[in-house]
Every structure is written in C-alpha cells, then in structure tokens.
C-alpha cells in the first residue's frame, strides 16, 4: 500500500472539508450530482477521444501503481545476483536451474532461464532490454492518460460553471435565487480544479516516477544476469552493482 | 471505426447536456448561431493563416484517423513476413513474385516488389525509410492543425464573450435585458472551451498517437523485408520481429 | 499570394463582425483609437525592447513571407538538376556555363557557378550549407518577433482594460456612464486577444513553416549540385532526389 | 546562512505587509486559520500523492539547501589538489595517506582514499562519477517537490476561494455579511499565490541551482584526484583546473 | 546606446499614458506608492530567494547589456585577423607582438598573446573555448534573473490586487469609497503586468540574444587566432571567416 498516496488524499480532503466547515459552510453545498456528471462525464469523454482504446484502458488500470507499494529492495536483489554469480562460477550456469524454483520475481526468473538455456548473450541482452524499453514506453503512454485528465478537468469545470451561470443569468428576475444559482455553478469549478490537482495530476506524477523506478530495478537485474552469463567474478559484480543500489552515495553521506 | 473517439464525444456531450438539463437549463439557451459564427469562424480563419494551404487541407483530412480503426495486427504481419522468408530461402526471392498478388497492404507489396526486382539493398532501405519518415513528418505537421485549433478556440471564445459583454454594457439602462445578454455572451466561451477540450485537442492527441503506431507498423514491415532480402533464416527473423510485436513483454506479464 | 493567409484573415474578421452585428452590436463600438494606441503602442514597444534593432526590422519585413506564395516546384528543380547532370556528364562541367543564363533561382545559379569555377568540393559544400544554415537561423530569429508580439499583445490588452476599469471605478458616482466605461475598457482586451490570435501568432506559425520549406528547397538544390560536381550518373541522381521531392510517398498512396 | 533567501523572504513579506498597512488594511484581515488549513493542507496532500515517500521526505529536508551557504571555495580546492599532486609526484601516492586526516570534505577524502588504496583508475572514475550523478539525480527529483508545491498551491488557493464564494452566495440574503465573506474567501487566494511565488517556486529555483553548483564542485575534485592518480605534473594540473574555477574568464574581464 | 531598448520603453509608456489620458483618465490615478511597494518589493524578494547572491547581482548588472550597443563589426574583426595572418606568415608569429598594442578588444589581445607566447595549440583552444563557454553560461544564468522577475511580477501584482480587494470588501458599508478602493487595488495589477511585459521579459529576451551574439563574435576571434597559430594562408582564412560574418548569405540576396 502506498502510504503517501492514500494518506495524501485523505489529508487533503479532510483539511479542505474541515476548513470549509469551520468557515460555516457545510459539505452538502458542494455535493451536487449534476456538476459531477458534467465535469467527470466531460473529462472522461475527452480523454477517451484523446487516446486509443488500448492506451485508455491501460492507463485506467495503471492507477493501481499509485496506490500499491512494490518492495524494490535493490540491495536484496543485488545480494541474490551475487549469490547466483557464485553458484554459476563454482558449478557452472546449469547449476542455476536448481535456483529457478525459489525466484519469485518473474523478470529475474525469465532472465535466469535464458542463462540456463544457454541462449546467445547478444540475444539475451536484446530481449531483456527490449522488454524493459517496451514496458517503459507503454506505461509512460498510459501515465499520460492521467496527465491529460488533469489538463481537461479544470477547463471542463469552467465549462460547467459557465453553463450554470448562463442558467442563472437567464433568471435574473428572481434575485432570491441568484446566490444559490451561482453557488451551484461554482461547484463545477471546485470539482474540476479539485479532481485535477488532488487526484489526476498527482496520480500522473507518481505513476511516471514509479515507472522510472521499476525500469531501474529491471535494469539492475538485467545487468546482473548478463554479467553472470559472461562468468563475472562475484566480488567484481558486487562492486559493479553498487552503482545501481545507491549504496555508495549513502555511505559517504553517513561519513560526512 | 474508432470506438473511443465516437463513444467519447457522445458520452461527453450527453453527460454535459443531461447535467445541464437536470439543473433546470435547456439546450436551447446554448444554441446560438452568432456565437458559433464568431468562435468557429475566428478559429478556422486563425488556423488558415497559421498553416500553408497544403498542411491545412491535409490536417482537415487527417481527422479521419481519429474516427477510423486500422487493424494493425502486428502478429499477423510478422507471421506473413516469416512465411515469405521461408519461401525466399527455399525457392529464392523470385518465388515471392507469386505471393505479391495476395498482399493487401500497399506498403508491404511495394517493399516486396523491391526484393523481387532485385533492387540494391541500400537503395531499398533508403527508399523505405525515407517514405516512412516523410509520411510521419507530413502527418505530424497536419496533427498540429488540430492542436493549433485547440489553442485558438478558447481565446476566440473569450473574444466573443467580451464582444457580447461590450454590447451588454452599452445597454445597461435596460436591466431586464442584462441577464439574457450576459448569458448570450457566455455561450461563446462555452463553444470555444468546449470545442477545444472535447474535440480539437483530443483529436490532435489521437492523431499523433496513431501516426506513431502506423510508423511502428511500417518499420516492422521494412525491417522484415530488408532481412528477407539479406536471406535471413526464418526462425531468426521470427525471434527478431518479436521486439516489434511486443509479444515478449506480454508473455512475461501473463507468467507473473 | 498566399491565399490561406489573406483568406483566413478576411474570413475570421468577417465572421466575427457579422456575428457581432447579428447579435445587435455595431462595429463602431469596437473602433476606438485610444484602446488601439495602448494595445499596439505597448506591444510594439515591448517587442522593440525584446529584440536587437536588426532582428526587429528583419522580423517586420519577414511578414511578407506570410502573404506571398513562392512556387516551390521541387519536381521541376529535380528535373533541371538531372538535366544539368546529363550535360556535365556528356560535355564536362564547363558546359554548364552556357546554362547559367537561363537559371532564374539565384541560389541555384550561385551553386552552379561554384561547379563551373571548379571550386573545391569541400569548400562548395561548406559554403552552400553555411549559407542555408545562416539564412535559416536569421529567419527563425525574426519569426520570434511575431511570436513575441503574440505573447505581449493579450497582456498589454489586459493592462489597457484594467487602466480603463480604474477610470470607471473612480467615477462610480455617475452610474449612467458605468456601462459605457466598462465597454470601452473591454475593447482593449478585444484588440489584444484578437491581434494575437488572428494575426501575430498565426503569422509566426506560417513564417516558421515557410522558413523550413525554403530550407528543404535549398537543401535539394545543394545536394543536387554537389552530386553533379562529383560527376554522378543522371539516373542515380534522379532516384536520389526523389527522397526530397516526396514523389515516392505519393506514388504509394495512389496505389493504395 | 544564505543571505538572499532569508533577506528575500523578510524583504518581500515586509514590503507587502507595510504596503497593505499604508493602504489602510490591517494584518489581522489576512490571518485566517481556515484558509491556511485549506490551502496548505490541500497542497501538502497533493504533493504527497504526487511523490513516493522517499522523494517527498528528501525534498522536505532539502529545503535546508535554500537557507544554508556552503563555502564552495573552488580556488582553495584547486590549490589543495595541486599540493596533493606535488606530494604524490615527489613521494608517491602512498604519501597522501598522511594528508587524509586534515581533509575535511568527505567527498575529497573518499576520493583520495581510493588513490591511496591503489584502486584501479577506471573503478575510481566510475565510482566517483556514479556517486556524483546519483546524488545530482536524487536531489533534482527532490527539488521537484517544491516546484510541484508551487504549481498546486495557487490552484488549491483558488479552490479555497471558490469554496468561500459558494458559502457567500448561499447567504446573499444578508448583504451586510457579503463583503466580509468575500474578503475571507480571497484570503485563500492570497495564501496560495503568495506561498507559491514567495516561497515554493523560489525555493525550487535556488535548490536546483545549488545542486548544479555542488555537482561542479565535486566534478572539480573528481577530475583533480583522477589526474593525481595518473601522476599529473602539478603545474599542468593547475592550468587544467582553471577551467573549473572560472579564474580565466575573470582575469580577462578585469583587464577589459 | 541601444536605441530599440530605450526607444521601445519610451514609446510603450508614452502610448499607454497618452491613450489613458485621451480616455479621460489622469496619470495620478496610477501613481501609487503602496502598490509599488507591494509589487516591486514582493518581486525583488522572490527573485532574491530564487537565485544565489552571485547570480542575483550579476543579473542586475547585466541589464546594462539591454541598454548599450556594442559595435560587433564582424567584418572589421575578420579583416584584422586576415591582416595578422599575413604578418604571421611573412614575419613569423613573434612579429605579432608589435601589433598587440593597437588591439583594443581584450579577448582578441589575450588570444594573440597566447600565439606570441608560443603556448601549445591545444591549450590555447581549450582555454579560449573554456572562457567563452564559462562567460556564456554565467550570463545566461543571469538573464534568467530577469525572466524570473517577469514571471513573479504579474502574480505578485494579483496578490496586491486581492489584498486591496479584501480591504475594499471589508468596508462595503460605505459604497462611496467602493470605486476608489477597487481602482487602487487594480493599480497593483497594472504595475505587475506592466513591469513584466514592458520591462522584465523584454530585458531577458534582449540580454539572452546579446549573449549569443557576443558568443558568436568571440568564437570568430578564437577560430581566427587558432588558424593563425596553425600558420593558415591569409586568403584561405578570409574564405573561412566568411561563414561567421554572414557575408555570403547577403551577397546572394543582393544578387536575387
């Protein structure tokens, strides 16, 4: 579970609602089905037009990235890779077959399978890097679904507000309804600006960042497995992987 | 037919109109010929000034990309390419001539024709890649027509609204007409913001994405045909094309 | 004459004025010398400060690019180049001297003169490419003059509107003048937004595009002449130039 | 202590408050707990959603960069490096061990330790450059936390203002409270725009600049130490390091 | 003296003030100390926070670039370089020492000094190019001070306006003061938008352009002096430098 995503949404909404309550407003006045229909209906429609079906669906699904926390544990991965390198050095790459069963990460398992199968090193590299790049590209395109929703929502919100104001203006004769009408119209702005700034744009930012972090994790695995295939010395591999796990930078900071 | 484009527009417009109806407004109050003249006339004029005639017309035509769905079927293309590679390997490239009749895709047919004609490999590569790049560049320039329309429409909408407000302000003496006048003025904003966010900008986004997808499809064909010309082993070609069809990334996901 | 530029401006202005007329407004209410002074004076001043004198003057002059249509005729140029290549192959490069008189395009004539004069190939290439790049860079810098005017005009328009509103607010005591005053203030916004979106920004876009097209045209000539200097086979040259004239891409489309 | 950061904030806030006071306003009217809750609560929540926990915390901590002044003293560093190069040349790199104790900068100490330990030159280079890049990337990601806060704050401020206006509009019946209500609503805008423009965006700019300056400083150290490892002549090193310390450019200016 | 900078500011301000006067306003109503304090105090403070002290001061000083006109005279510089090349060819580089006294440009003098001193060609190149790049980078960073001021000023202006409106709203009971209060509040917007669009952003644009032009001038000198050091034939140098002085492009235009 991604604590900052869930905590951030709860914190933001709570602070805003409590703040509004303390000023004397009540939640009811910003709960309005028609404004929600206009803002979210219009935004969803615009995003649907803007993306091919495949990207749209992938983007919707990818929101789970914003709410789940994947244990990256780069140090643990590096440790495993060094261990596999030792096994491969001592007993040959075929000995890694026995290890495959205990590997939980599917990308790691797939990469090691290439080594065990004796696939050509260049093919292994092309395949692994191709898979990483393809996933990265696909997920980045999907993150744009949320970015795009964050761009459309506030303007659709303004559209809703102007529609409401038009309705108000046509009924100026009854001033007693003026205030309420304007208030209702403004709710569309609240929905558009709020959804964009508290949900859609932050989702896009977090998804994009996690896609990059996942790419780094897979690159670490790919580099490690390719080195194992080349028969690298486990100690040299350990040093090499430090550049990916960020151990070095931190060691220095602690010393400072 | 591109379902998300058509469905998205219908969904967005329906939700907005129903929402407005539920609030007590009626569609009639946002149907206004003069506002449409100002907003769409001004936007079309601005886009015409901004683009050479050729780009402008190409851009208008390209909107069909946003509404039609081309069956990309990369896997099928790859399968055909592997089959042609087998034929070429077994019976020589001239044997591909018999296959030309059943090739529907014009780019694929043209590329294979080069092989059958025994055109020099470098010339084939330059010609195919040149054609892909030229089409890509031309289509991207055309996609900008819609992006540009999406940029001009809201500001022209504001222009229309301000023109309307000027008219209202000059007739402040008759307060009974005030509300209706302002309402009319606001309709121009609705048209400008609505057209940009529900149509023009989403069109631009979808066209750009489809242009990229089409480039990927043609690159797959070009790479395949060039490999056939070099006399590639069909099985090696099959492996090689997987990087383009995205088969690999998906296989892993299913395994996960 | 560039039809889309002239037609676009006429179309946009006509639609907006007719639309405003149909709504009951009259053109007179948006004709206002003082607003024009503020908006255009302020914008011109800001652009003058933003650019060195040379760039500013070059930018002003370059607006003719937006209104004139240069016959690019890439196919005709390619045909001439192939013809010159034939002459050079058959009778030697000196025979091209007789052709120089009938060459109308100054860049083509200058390039051929290098060949006739027997200038070193590297010097020819450096000089022609240097001239193309220098012109491209200079013209792009000038196109920014219009882009910059399109950025300043709306904000100066708002400045004018606020100045007008200040004047209105100071005379609130006489409500009968309120509406007219606000209307007058809004005209500055109309000028700023209108000039930026119907003139300045579209001018910048069209100039930039034409600068790119002109660069492509000159690059075609340079490549052709350089190949002639190297004694290329006219038929090979014909094939080579197709990549620049875009013939190939179109041939395929027609076949589709 | 970073004088421009602290002085800038004090100066800006003082000028604004004194200006407001001179106009007849009083500070009390812009001190409002509920507006602060809405704006800062909403902004903090949005930023939390937008960043992984690690980046978020690192970003918060990094604000100290905006308030502290690190003595860069590139000239002093270059002088030390030249001195170490002399020692290494005269007495061998092992003689540098005696110098390690007096080196205060942890990065310099760590780099020299590599030399003393006789680590392979390539490993030293990869490790030092990797550490610099990793820190740079991490800190840049963190600077985005403030940039992002500067983007969310004004829109959340508008959200707060609209929420306040809704409340006002619902109570139009009591005109005596109208002004006060609107004033209260506007305070949210003041907080959002003020915090973004006087704090968050300037913080982001200063942090980013300092991250670049720190990278330059570490690159100077890394280049110097790597040259020492290669046994560079101290006088040549002195010349070489001038490109990093910017001595040369200034010498010329003084001469001008 | 930079005529377009000074003339542009005078023209813009004059047109705006005369326009405002013709509409019946008077300059006095937009002269307001408190608004100036808020807008300029807030903007200066924000820029101070955003930049390190060194960059801030350098940026302030660099405004002189926007008002002074440096005689670039690339043709004259090229002529001198060709002359020095002749001297060096005929009498050896040492003969250039006699010329040093008459060289006014400090960068040219410094570069020639390297040649006279017999400094290694690579060192000369690295030093000159390093000095050009360092100055370019430093000055670009400084130009951002003005760009940043142009970004902060309008939002701080809005801040000032909102603060003024809050004050107005709290005193709605006295309608006679309403108009004047709003007018006063709007002056802050005028200051913010005006300063950004008539001064800060144009300054940034002109400074950036002049920094590029100065880089081109110094690159011309550096290339010329380096060629002299290599003992280039003066006539070849003359041809080579034409690419920098832009002579060629113009020659063609005149011929057209």
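Letters A, B, C, D and E mark the chains in the order given here, with residues in each chain numbered from 1 onward.
By definition in this document, contacts are C-beta pairs under 8 Å (C-beta built on N, C-alpha and C of every residue); 3 or more make two chains touch, one makes a residue touch a chain.
Note that this is a predicted model, so its numbers are computed, not measured.
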item	value
Common touching chains of chain E and chain A	D
Computed distance of Cα centres, chain D from chain B, in Å	42
Gap in Å, rounded to a whole number, between the CA centres of chain E and chain D	26
Contacts with 2+ other chains: residues of chain D	none
Ring walk, chain A to chain B and onward	A, B, C, E, D
Chain E residues within the chain C interface of the complex	2-5, 7-16, 18-20, 22-25, 29-30, 66, 154, 176, 178-180, 182-183, 186-187, 189-190, 193-194, 196-199, 201-203, 205-206, 209-210, 213, 239, 242-243, 246, 248-249, 252-253, 255-256
Sites on chain C touched by chain E in the complex	33-35, 37-38, 40-42, 44-53, 55-56, 106-107, 109-110, 123, 126-127, 130-131, 134-135, 138, 141, 148, 152, 155-156, 158-160, 162-173, 184
